[in-house]
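Look at the two complexes coming up: chain A is in both, with chain B in one and chain C in the other.
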Partner chain A sequence: MEYEISLATTMAISVLFALSLNLITGFCGQISLGHAAFLGVGAYTSGMLAKAGVPFLLTLPAAMLLASALGVIVGFASLRVRADFLAITTMGVGFLFVGVVRQQDALGAEMGISAIPDAGMSKFAFMLFAVLAAAAVALLSVYVRGCWMGRVFGAIAEDEDTVRVLGIDVPRFKLTAFALGTALAGLAGALYAQQLKFIAPDSFGFIESITVLSMVVVGGIGSVVGVTVSAAVLSVLPSWFQVIGDYKLLVYGGLLFLMMRFSPGGMAALVARIFHPDRWGTK
Partner chain B sequence: MSALLAVSAVTVQFDGVTALKDVSFAVPQGELLGLIGPNGAGKTTMLRVITGVVRQTAGRVELDGRPLDGLPTHIRIRRGLALSQQIVRPFREMSVIDNVALAAGLDKTASPLKALFHRQRARELDTGRGLLARLGIEQHADESPQIQPMGTLKRLELARALALSPRLLLLDEPLAGLNSKEARLLADTITEINRGGTTIILIEHNLGEVMRVCKRLVVLDNGEKIAEGEPQAVMNNAVVRAAYLGSGAASQEGERHAAA
Partner chain C sequence: MLYVELIAQGLIQGSIYALIALGLTLVYGLLRILHVAHAAFFTLGGYVGVVVANQTGSLAAAIVAAMIVAGLGGIVVFRLCYQPILHQPPFVPLIASIGLYIAAEELFRIVFGPSGLTYKYAFLQGEVELLGFLRFKTGELVVVFGSAAIIGVLSLLQTRTRIGVACQATVSDPQMAESFGISLSRVGDINFFVGSALAAFAGVMVSVLNNMVEPTMGSVPSYKALAIIVLGGLGSVRGTLVAALVLGVVESFGTIYLGHFLDRNAIAFAFLILVLMWRPQGLFARS
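Right after this comes the complex of A and B.
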C-alpha cells in the first residue's frame, strides 16, 4: 500500500506542476523551457525553511511567493521577446538556476539538501493533501479559462498585437500569467521537497523542464482535463518501466516532437476528432 | 465645432527614411474625413502614429486637447480611439460573436484583477449581436471566422472596432478586397455610423466611394500633406493629380491648362 500512496502523491504533484505550466503556455501562449527552475525555487525555499524550523504549511506561501517573484522577472523577458526567443531565454533561466544552486554551499551545492524535517502528516494524509492541492489547481484553471482573464489569455496566445488594439494592457496580463503559473510551480516544488525529504540541483534541470512541457503538449495545450490525465500517466511511467526512467530525455523529447508533428492539439484534440469528426478542421 | 483630433507637425523617420514630414491636420467632432494618397504616401504610418504603434520623431497628437504622445496603444484606445485594420485579423480560435464580445468587454478587461473576478458576459454578447445585426452578418455569429469570406471578415473587423464604442474610429482600407456592390453597401454602413455621431478617419483607395461618402479630404504624398479640403476641389488640384497620375501627366495637364 505504501508504494501506491507514494505513486499517487507523485502523480498529484506532477499534475499540479503541469497545470501550472499550462496556465502560462497553454492559456496565455508563452512558451517556457525552464519551468523546472520554479519548481526548484519552491522546493529549496520550503526545504530550507523547514530545516530552519518553520512548520511545513507556513513554508508553502513563502515558496509560492519567491517562485512567483522570480517568475515575474522572467515574465519581463516575455514582454521584450517572442516565441522562439522566449523559449531560449527561459531555457537559459533554467540552466542559470541549476548553475547558481550548484555553487552555493548554503544550498548544499552539488549534494543538495537532505533530511528535510517531516510535516507531521502520515504518508496517507500527505497524499490526500497533494491530491486536494492538485484538484484545487485544476478547478482554478477551469475557472480562469471561463472568466474574462481566460478570454484575454486566449486572445493574447493567438495575436497579441490585435489584443492591444482592443484596449487591453497585454504586458500586465502576461505578467499575471507568469506570476500565477510560477507561484503554483513553487507550490508543487514545496510538495516535492516534502515528499522526497531530499532535493538536489539536478532534479530541477532541463530534463525536468522538457518532461513537464511534454506533459502539457501531449495532454493538449490549454486543455485542463487533457493535461491532468497526461501528467498523471506520464509521471508514473518511469516507475513502471525502468527503460523510460533511463532514457527520460529521449522518451519525453520524442513524445514532444511526435505530438507537435502529428497532433499539435495533443490528446485532447485527438479525442475531440474521434468523437466530433464533423468539427475537424474548424476548431 | 471643436477639433476631436489634432495632429500637429508630425514627422516620422525610420532609419533615415522620412515616412511623414511635418504633417498637420485636425478632425472636428462628427466629421467623416477621407485620408487618401498613392501607395507609400504615409497614410497607414499616420494611423499608426495616432494609435501609438509608431512613435513620431517630432510633432504632437492630441485627442480632445489632451496629448496622446508617449501613451501606449491600449490607453489611447481607452481614451476613445478604435482601429479597423487593413489586413483583417480576427481571432480565429474564437467564434465571430466571441470576437466582438471580447472588444465590448472593455470595462471588464481593464485590469487582470477585474478580468479574474468577472465571468458574466450576457451584456457583451447582446452588444455584439446588435453590432453584427447592424452590419448584416448576425447569421454568422456562432461560426468560426476561418470559414468566412472576405466581405464578412471586413464587417467583423469593423464590428469589433465599433464594440469599443469609440469617439474616433480609424478605418484602414475597409473596402479593399470587396467587389463594387459589397464596397458600396459597406460605405453606406460607414456613413450611417458617422451619422450616429462617431467621428471617422477613412483611409481608402476606392476613390469613387471616398468621393461619395467623405465631406472633406486630406491628401498625403511621399509623407507630406499636399492638399486638404472639399473632395471635388481636392481632386481637381493639379498637385493631387500629379501625385496620382505621375508628374509627366500633370505637367502635360498643366501645359494644356496654360494653352487654354
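Right after this comes the complex of A and C.
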C-alpha cells in the first residue's frame, strides 16, 4: 500500500506540473523549454524554508511567489523575443538555473539539500493533499480556458499580431500566463521536495523540462483532460515496467517524435479523430 | 600572456562550435526549423570515426567514413522526419527534433554501451610551439585550420557553382526558386548532407582530442549550437561563424573570471540571454 500511495503522489505532482506548463504553452502558445527551473525554484524555496523551521504549509505560498516572480521576469523575455527565439531563451534560463544552483554552497551545490523536515502529515494525507491540489489546478485550468482571459490566451496562441491590432494589451496577458503557470510549477516543486525529502540541481535540468513538455505534447497541447491523463500515465510508466524504466528516455524521445510526426494535436486529437471522423482536420 | 592563451583556447573551442552550428544554420535558413537532432550526427561521427580508426588505423579514412555516413543519415532524417511536417506550426518540428535527439542519444548508449569508446592509436597528440610561449596539440591546430579550410571551400562552392547558387536562391525565396526548376527536396538533401558531414568532422576531431566517444558527448554542443545560431541571427551563415568564435572566447574568459559563480554552460546561456534582451533579432541578423 505504501508503494501505491507514493506512486499516486508522484502522479498527482506530475499532473500539477504538466498542467502548469499547459497554461503557458498550451493556452497562451508561449513555448518553454526551461519549465523545470520553476519546479526547482519552488522545491529549493520550500526545502530551504522547511529546514529553517518554517511549517510546510507556509512554505507553499513562498515557493509559489518566488517561482512566479522569476516567471514574470522570463515572461518579459517573451515580450522581447518570439517563437524559436523564445524557445531557446527559455532553454537558456533552464541551464542558467542549474548552472547557478550548482555553484552555490548555500544551496548545497552539486549535492543538493537532503533531510528536508517532515510536513507532519501521514503519507496518505500528503497523497490526498497532492491529489486535491492537482484536481484544483485542473478545475482552475478548465475555468481559465472558458473565461475571457483564456479566450485571449487562445487568440494570442493563434495569431498574436491580430490580437494586438484589436487593441488588446498582449503583454499583460502573456505576463499573466507566465505568472500563473510558473506559480503553479513552484507549488509542484514544493510538493516534490516534500515528497522526496531530497533535491539536487540535476533533477531540474533540461531533461526534466523536456519530460514535462512531452507530457503536455503527448496529451494534446491545450487539452486539460489530455494533459492530465498523459502526465499521470507517463509519470508512472517507468516504475510499472522496469523494462521501460531502463529505456525511459528512449520511450519519451520516441513518443515525442512519433506524436509530432503523425499527430501534432497529441492524444486529444487522436481521440477526437476516432470519435468524430467527420470533423477530420477542421481543428 | 594569459590573455593570448585564453583567446587561443577560445578560438579552438569556437571553431568546433562553428563546425556544428554551421549545419544548424544551413537547415534553419532553408526550412525555418531548429534542428536539435543535428548533434546526433556529431556523436554519430565520433562513433563511426573511432570504429573505423580502430579497424584501419587511419585517421583520414575515419574522417571520410564518418562524414559520409553522417551526411547520408542527415538526408534520411530530412526526408523521413522533417519534410512531412514542414507545414505545421514551428513548435511541431522543434519538439519532434528534440524527441529524435533524445531517442538517438539513448540508441547510442544501448548500441555502444554507456561507458564510451577510446582510440587504440594516438592520433595528433604531438605538441607544437608557436611564438615561443603558446603550446598546442597538433589536433587543436588541425581543428582550427581544417575548419577554416572547409568553410572557405564551401563558401567558394556556394557562390561559384550552379548548385551553390541554387541553394542560395532557395533560401532567399523558395517559391520563386521552385518555379525556376530548382528541386526543393534536392536542395534540402544537399544542405542536410553538408551540415551533418561537418558535424561528423567536428565529432571525430573532438573525440580524437579527448580520446573518448560517449553517448552524451553531443548534448552540450547541441544546446550551445542552438544558442550560437540564435546569437548569430538565425539563418545568417556569417553571423553564425562570428558568434561561434565569440562564444568560444567569452566562455574561456568566463570560466576563469566567473567560474566560481556560474559553470561553463551557464556562462554561454547568460551571454545569450543578455544579447537577446539587447538585440532580440540576434547579433548579425539580416534586416
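Observations
Going forward, the second predicted complex is superposed on the first by the 275 of 283 C-alpha atoms of A that agree within 3 Å, B and C clash if a C-alpha of one lies under 4 Å from a C-alpha of the other, contacts with A are read in each partner's own complex, and residues count from 1 in each chain.
Convention: a contact is a pair of C-beta atoms (placed from the backbone, for glycine too) under 8 Å apart; a residue touches a chain by one contact, two chains touch by 3 or more.
Everything numeric in this text was worked out from a predicted model, so none of it was measured.
Of the two partner chains, chain B is the only one touched by A:M149; chain C is not. Contacts of A:S214 after superposition on the shared chain: chain C is touched, whereas chain B is not. By the touch criterion stated above, A:A77 is placed in contact with chain C alone, chain B being left untouched.
Within the superposed three-chain model, A:M1 lies out of touch with both chain B and chain C [touch as defined at top].
Comparing chain B with chain C, the partner in contact with more residues of chain A is C.
Of the two partner chains, chain C is the only one touched by A:A87; chain B is not.
No residue of chain A touches both chain B in one complex and chain C in the other.
Within the complex formed with chain C, the residues of chain A that make contact are 25, 31, 33, 77, 80-81, 83-85, 87-89, 91-93, 95-96, 98-100, 102-103, 206-207, 210, 213-214, 217, 247, 249-250, 252-261, 264. Touching chain B in their complex are the following residues of chain A: 144, 146-149, 151-152, 154-155, 158-159, 161-162, 164-170, 172-173, 176, 282-283. Residues 32, 34, 81, 84-85, 88-107, 110, 223, 226-227, 230, 234, 260-263, 265-270, 272-273, 276-277, 280, 282 of chain C are the ones touching chain A in the complex. The residues of chain B lying in touch with chain A in their complex are 51, 72-74, 77-78, 83, 85, 89, 91-94, 98, 102-103, 105-106, 108-112, 114-119, 121, 144, 146-147, 160, 164.
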